[in-house]
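Structures are listed in the sections that come next.
Next come two complexes, and both contain chain A; in the first it sits with chain B, in the second with chain C.
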Partner chain A sequence: MIPKVLISVLLLLLGYAFWTLSVGYAPDTELNRTAAYYAANAESEVGAPNIVTGIIVTWRGLDTLGEVTVLFLTSAIIALVLSQSGGPSGVSGADFLPSGELLTTGARMLVPLIVLFGAYVIMNGHLTPGGGFQGGAILASGVLMALLAEPTRRFGHTAILRIESLSGSFYVLIGLAGMAIAGGFLDNGILPLGQFGTMLSAGAIPLISVLIGLKVGAEFSSILQSLHETEDA
Partner chain B sequence: MSQIALTCGFILILAGLYGALTNRDILRMIVAFTVANTGVNIVLVAVGYLPGRTAPILDSAVPVAEAAQRIIDPVPQALVLTAIVIGLGITALMLAYAYRLFRLRHSLDISNFTELKW
Partner chain C sequence: MSTLMQGLGLVIALATIGAATLAILTRSTVTAVLAAGLVSLLASVLFVVLAAPDVAMTEAAIGSGLTTFLFFFVMGRIRRESEK
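And now, the complex of A and B:
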């Protein structure tokens, strides 16, 4: 009884705070200084038409590196937690229900298309909505579909691990190259900016997007795989 | 427009918190947390919206010279992209711990876990 009252009082207070916030809210009429700077210098400094990607990959590239590190930590902790929760032994993956003709055939057709779409989203991250994170998540959804279609299938742990660590190392190396050649850590000016709005432009942004996409895709895949393998633990 | 999105996000936050505090089932709590997480993301994106403007992508519709007058704030969008990815990591972690707890007690009811209760 008392917890119920406490919860409702808490939610009412929070709701009141939110209500005052949203009643007194008036949208800005012009961009603040940071956003205006990003808008004005997107072409000359990073050469990326998609300003959000420009912010994520170049202007605030260090935060993105930190975020990728957080994801790596998450997948490592999940693998650790799930590997220690040893279930009853002697049960193997042999008694899975078959996944069905529809799913198997559908996956055979869709997985290559999903992976292709992921690659497209990654490569066009600086031109259209998208980028490394989104494309990596799409790649991992292809892996998920393959796992669902063939529950007994095992992807190579070592291959995923290699992709993840190699792309992470190259990401840091590109950052260091930015310090040596261009204006600072993760500066995309190590490659020529090129023609604004074309595929191979915006300096190192497409390269970094590919690395982020591979790394995020590998991390999500290893999370999915760890969760998947608990079924037969 | 941003009022509607703001209110929607706030309601989702409240609903998520209510669900997380009242449900006894750990999986339902995890779902409630993701609902609250979505609400926070909606509020953040809504704050960056400016009436009558377009997405922060420079193309033939948004020439570079007028960009500062034509686009919405790109910074909250970049923040929310980060928040979504971290939210996914947190959800996966919670699910992994839930699985661990299930292995331990063969139950996902929070009232079976009394070690930290006071």
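And now, the complex of A and C:
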């Protein structure tokens, strides 16, 4: 009885907090100073038609690097914890229930399409909505589907680790190159801006998007794989 | 924002609350996981209505895709362990 009362009181308080937030809300009629700067200079400074990607990869590139690092720490900690609790690995394979015909056949058709769509989202991050993070998550869902369809399958741990660390290092190197050649850390002026609105434009943004996509995809895949390979936790 | 968009947003918001309530109240784990995934999916539709397609993509891919898959993954795992 008492927990239910407490839950109701908490819900009421939360509802009141949100109500006070929303009751005085009036949408801005014009962009604030920072947003107006971003909107006005997206074409001339970063050359990306999708301003959001321009902001998160270039102007706020350091934040994205931090985000990717947090994700890396998460996957490293999950791998550490699960390797402590895991039993002998490498002896599994026979005790898996087979997955259904529907899943196996569907995965065979869908996994290439999912991976292709992930690559498309990564490569067009500066032109259309999307980018490295979203594309990387889509790539990882392809990996997850392959794992679900064929539980006995093993992806190379070393390959995933190498992709992850190489793309991370190159990401930082590009940032440092921006400091040496262009205006600062992760400045995309190290490559020419090119024709506005084409695939290979916007300086280093496509390159950084690909690196972020590979890194995020590898991190999620390594989390999933650690979960998958733990035996009898 | 036009009235049509506001109405659409209201419908999606109500559906989200409905799905969230279903996820809490249902007795079956599969239904609860699917309803929780539906909450994320509806939230990503709401993000598109609110003109934030980049956020919507992340929400759809991670919130409704990966998380739902992961729940089923672990549930299959538990079933396998208990059948041993």
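To be clear about the criterion, the second predicted complex is superposed on the first by the 215 of 233 C-alpha atoms of A that agree within 3 Å, B and C clash if a C-alpha of one lies under 4 Å from a C-alpha of the other, contacts with A are read in each partner's own complex, and residues count from 1 in each chain.
Keep this in mind: contacts are C-beta pairs under 8 Å (C-beta built on N, C-alpha and C of every residue); 3 or more make two chains touch, one makes a residue touch a chain.
Just so you know, these numbers come straight off a predicted model, no measurement behind them.
Trainee: Taking the superposition on A as described, I'd like to know which of chain B and chain C A:P129 touches: first, second, both or neither.
Mentor: Touch partners of A:P129: chain B and chain C.
Trainee: With both complexes superposed on chain A, which partner does A:Y25 reach: first (chain B), second (chain C), both or neither?
Mentor: Once the two structures are laid over each other on A, A:Y25 reaches chain B alone.
Trainee: Which holds for A:T74: it touches chain B only (first), chain C only (second), both, or neither?
Mentor: A:T74: touches chain B, not chain C.
Trainee: Touching A:M145 in the superposition: chain B (first), chain C (second), both, neither?
Mentor: Second partner only.
Trainee: I'd like to know which partner A:A39 touches here: chain B for first, chain C for second, both or neither.
Mentor: The first partner, chain B, only.
Trainee: Look at A:V121 in the shared chain and tell me whether it touches chain B only, chain C only, both, or neither; answer first, second, both or neither.
Mentor: second
Trainee: First (chain B), second (chain C), both or neither: which does A:Y16 touch?
Mentor: neither
Trainee: Given the superposition on chain A, which partner contacts more residues in chain A: chain B or chain C?
Mentor: Partner with more touched residues of chain A: B.
Trainee: Touch check for A:H228: first (chain B), second (chain C), both, or neither?
Mentor: second
Trainee: Both chain B and chain C touch chain A; at which residues?
Mentor: Touching chain B in the first complex and chain C in the second, residues 27, 50, 52, 129, 131, 133, 137, 220, 227 of chain A appear in both lists.
Trainee: Would you mind writing out the residues of chain A in touch with chain C in their complex?
Mentor: Residues 27, 50, 52-53, 95-97, 121, 129-131, 133-134, 137-138, 140-141, 144-145, 147-148, 220, 224, 227-228, 232.
Trainee: Which stretch or stretches of chain A touch chain B in the complex?
Mentor: Residues 4, 7, 10-11, 14-15, 18-19, 21-22, 25, 27-32, 34-36, 38-40, 42-43, 49-52, 55-56, 60, 63-64, 67, 70-71, 74-75, 77-78, 81-82, 84-85, 87, 128-129, 131, 133, 137, 197, 216, 220, 223, 226-227, 230 of chain A touch chain B in their complex.
Trainee: What does chain B use to touch chain A in their complex?
Mentor: Chain B residues touching chain A: 2-3, 6-7, 10, 13-14, 17-18, 21-22, 49-51, 55-59, 64, 67-69, 71, 73-75, 77-78, 81-82, 85-86, 88-90, 92-93, 95-97, 99-100, 103-104.
Trainee: Taking the touch rule as given, give the residues of chain C at its contact with chain A in the complex, in rising order.
Mentor: 1, 53-54, 56-58, 61-62, 65-66, 69-70, 72-74, 76, 80-81, 83-84
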